[in-house]
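Two complexes follow with chain A in common, the first pairing it with chain B and the second with chain C.
On to the complex of A and B.
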């Protein structure tokens, strides 16, 4: 075919309109307030708001802790699923079940499980001597963030598992055979062969999860609505409240632009590293 | 072996499919008839109208048809705000609660005074809690599902220990202390402490029952914020003392109305001040362990206030007409019908929150719910959410920030004085400017 790009052009145009259009509109309205052009004033006001920094901190905390947990768990599960065992297919299917549950349902399920007085987790803890209601998972400012991180990790660990499992299954066997011949231990093999070879897949999983975790809203909103005492109040929630509860659409557009910039800052260095790894 | 799909065939199929989808989605929705109004409502409200039965009855009697568009909360709230700000004429009637309504959206709503003068409501003096839907002299809505905060209590526990129904806050707390100490696994009080408008609603009953208020004047142009006067401080001190003294079940900082219902049903709390509309669920024998063991009373008041009973915030849903509506007269006729005495009884018997004094006196409603006199008296003594004002500008932002302060006091993270002073400052800055 002479111009193969013509075939994909309609889809490309549609994608540009659907993806870029709202983004550009968001950037545009962030320079206005009630139809009056105000330049960078929305951004200046945003950078003066204590709530912005507070939610930014919570977002970073949530992002790095939940992605860290997902990476550790996802890697472990992927290594287990990579083994040649009976019932592998069923185990793999079960491992991805949390991923197909919508975040709203997952959030509600965890909210019920972590209920202080009637939750199943506190019920199991009674067998270890903790009376029902001792641990206020979602009512304690110190524990609520941990609770939402665990819930988010439950939903998203299968995603990391799938990517790493695919990566593991694509690894060449010759380095492992050579290491076996040389008498290398499992840990040495894992550290010096598996991880370096799997680095591109790890980076793909991390980049995706960092971007999505930084923008996380649904699970946290369902479980805690940002409380108690703002302990789980993240940036996406700050944007939502300003847009839909306070009706400050221009100001929330500015928050959205800042989130976009921060997402780039988080993901671009990792993407550069990923491409370098692939090339090497 | 099959031939397979060629590139040309694939493109033809894809193109035809895309055109079909685009065509179907662009197909215009059926326009409303001349005598038809569109109403955006919550599914619970459709249910209280007999799942459309009341609307069919209205159509038969008046010739006015209603296209009921149902949407669950919070999508309802988000869509409504966007529609109003766009000046959309998609809906002629919208219903929403004054507990979460933002007064800055009132400029997109039709004040009803003019329509009321042309064609008054049926027996307007009979309607309770109208003040909650006013801004100054302007009436923006007619209530159609309301419920005050009342005291729910376990009469069997009261009888067991010879406790009296508390009239004052101090008596309420004394009962709470006694029950928590004597009844294993049962707590003497309940508070909604989640970081949402629920905690503010809960606190407001204590605030008003202490004689407190947000402003000293219903005219906001002349008003000063008095939330943090001695009455407000005493109310917050009392409210947070309930947790301090461990009179509340664990998990109070994530507790809302459904926590109240569950705790009451499970027999975990012996007393609680909450909405009257939950009498049904807590007393439902199919779900509640304590059905038949409950009774209800007016919320307590603080001593020295001169009050005869506690005052709850008049909360509930009202019917509004968007300014952009092209059928305002027809919408008003619909509202007049839905809020007439017969409709109120109909909806009350379907689990709605009655808003007319006559409904509470009706034999049918008295048979339906055991606490009619209590609910009626509580409603008659209720006050607007931002006492003495109905709705305020930027209410959502005020609620969002004030609840942090009051729940910080409840959690023991901030002294009540600091919390209420900061809350008052927030109200002053955001509302009065």
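On to the complex of A and C.
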């Protein structure tokens, strides 16, 4: 084959035109105000806006709490599934259902289940002494963030579970056999053998999830639309509102650049590792 | 009989552990599937039943909500839009990623490693960033709220993953196949089409279904870039959900059930490949 790179070219042209180009263009226009060059003015305005800090804080809170939850749940479920020897295919395909069904449906499902007056969760809580209508999951600023985190965890834990499960099943047997001979307890082997060996998979899962949770929009939008009282207002929504409600495209571009930088910082460790692996 | 020693024995401990694990397993099962189950159940209840507290568990199935949905033309149209966009995106992706995957698998060429890295790195950047710019560009090119724009967007979102997936599938086909064919007089491309492609057919199927699911379910960009002409099913569903201020659970559940149906059906077929692909991806880093 004379020019193999021709086969790769269409994909690249697509990426450059649709993703890279607009990204760079977005960075470019963030330094303008309606065709007029204003340097860092948009960024200065950004730092003066209370909403910016609000959304920044909410985004970080949401990201780290939901990924933390997903890691714990995902790990637990992976360990559980690792033991199952029968019906593996079925359990696995069922386990990824929340992932397949995606944020839109997930958001709607939880919105319905958490409804204050008719939701099934509140119904279950009546057995614990909370009458219907008292716990307002999606209307109280304090609980809304929690609700959204749980819903997001529901959607995305399967992703973590699958990666960790794959890692678990690829683990070598010999360290465990040696540990058993030495009489090590379950927790000891878990802490000293399983976790270190699983670190690559854990890192992959966590960093991917951090990157995706940081830009989350859909689940939160469907459930609370950023409310109540902006308690679930995140960066992606801030960009959306500035772009489509206020039509401030330069300002939104600046927000986008900030998100880009923050995402980059989060994902740098993974990218370095990926690059090293590809080189080898 | 069962003396004190039994309860101290490791056999009892093992039984306890095994029982707890089984219970945990069932709980996980419920956690994972209940919301979906609940949506489908709600979609089949009568309107009154959807509001009843305590909730109704056994009831006569009714399709009234689905019937209502079929009368809402905007809903039907959004399904058609989603189908068109998802199918065409998938076609584009399969074509591009099969070619690129083959190239990465078989050949060496300048910038091969950096381009592979670029392909993956692009995925790391939040697509949100392209929104302000894309809004202006799409309006200027008059493709705002048009299927073509969505197809372009979705294709580029999934291309990285698809190329990687196809490469992995091509890697599994031994190169001797094409070499044998070329010895018999086939050109490289002919060998590709006649010999290799059929062998990676499962991979093509998996990639296309994966892309289809992603394109069908996508909300964020569809929400921002479609309006009257090209509105997709998820956007329409969310519009219905947010409009009714949480009253018409039956209709909303029916809509949600319909929207999630294609993804669930297709995923059932490729769940084997999906898991394998994710596993390969994660171990490779």
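Throughout what follows, the second predicted complex is superposed on the first by the 251 of 280 C-alpha atoms of A that agree within 3 Å, B and C clash if a C-alpha of one lies under 4 Å from a C-alpha of the other, contacts with A are read in each partner's own complex, and residues count from 1 in each chain.
Methods note: contacts are C-beta pairs under 8 Å (C-beta built on N, C-alpha and C of every residue); 3 or more make two chains touch, one makes a residue touch a chain.
Note that the structure is predicted; figures quoted are calculated from it, not measured.
Chemist: Between chain B and chain C, positioned on chain A by superposition, is the outcome a clash or a fit?
Modeler: Overlaying the two structures gives a clash between chain B and chain C.
Chemist: In the superposed arrangement, which partner chain does A:105 touch: chain B (first), chain C (second), both, or neither?
Modeler: Once the two structures are laid over each other on A, A:105 reaches chain C alone.
Chemist: Would you check which partner chain A:241 touches, where first means chain B only, second means chain C only, and both and neither mean what they say?
Modeler: After superposition on chain A, A:241 lies in contact with chain B alone.
Chemist: Please indicate which partner A:225 is in contact with in the superposed arrangement: first for chain B, second for chain C, both, or neither.
Modeler: In the superposition, A:225 touches chain B and chain C alike.
Chemist: Using the superposition described at the top, determine whether chain B or chain C touches more residues of chain A.
Modeler: C
Chemist: Is A:260 in contact with chain B, with chain C, with both, or with neither (first, second, both, neither)?
Modeler: In the superposition, A:260 contacts chain C only.
Chemist: Looking at the overlay, does A:29 come into contact with chain B only (first), chain C only (second), both, or neither?
Modeler: second
Chemist: Now for A:166: first (chain B), second (chain C), both, or neither, which partner does it touch?
Modeler: After superposing on A, A:166 lies in contact with chain C but is clear of chain B.
Chemist: Could you look at A:115 and tell me whether it touches chain B, chain C, both or neither (first, second, both, neither)?
Modeler: In the superposed model, A:115 contacts both chain B and chain C.
Chemist: Taking the superposition as given, does A:189 touch the first partner, chain B, the second, chain C, both, or neither?
Modeler: Neither partner.
Chemist: Is A:45 touching anything from chain B or chain C once the two structures are fitted on A? First, second, both or neither.
Modeler: After superposition on chain A, A:45 lies in contact with neither partner.
Chemist: Which chain A residues are contacted by chain C in one complex and by chain B in the other?
Modeler: The answer is residues 115, 117-118, 225, 244 of chain A.
Chemist: Using the touch definition from the top, list the residues of chain C that touch chain A in their complex.
Modeler: 21, 24-25, 28-29, 31-33, 35-36, 38-39, 42, 50-51, 53-55, 95-97, 99-100, 102-104, 106-111, 113, 115-122, 124-137, 152-153, 155-156, 159-160, 163, 188, 213, 217, 219-220, 223-224, 234, 237-238, 241-242, 246, 249, 252-253, 256, 259-260, 263-264, 267-268, 271-272, 274-275, 278-279, 282-285
Chemist: Could you list, by residue number, the parts of chain A that touch chain B in their complex?
Modeler: 115-118, 133-134, 136, 138-141, 224-230, 241, 244-247
Chemist: What does chain B use to touch chain A in their complex?
Modeler: 74, 77-78, 81, 85, 102, 104-105, 193-196, 249-255, 262-263, 266, 268, 394, 396-397, 400, 404, 407-408, 411, 413
Chemist: In the complex, go through chain A and note every residue touching chain C.
Modeler: Touch residues, chain A against chain C: 1, 3-5, 7-8, 10-12, 14-15, 17-23, 25-27, 29-30, 77, 80, 83-84, 89, 92-98, 100-106, 108-113, 115, 117-118, 120, 123, 132, 154, 158-159, 162-163, 165-167, 170, 200-201, 204-205, 211, 214-215, 217-218, 221-222, 225, 236, 239-240, 243-244, 249-250, 252-253, 256-257, 259-260, 263-264, 267, 270-271, 273-275, 277-279.
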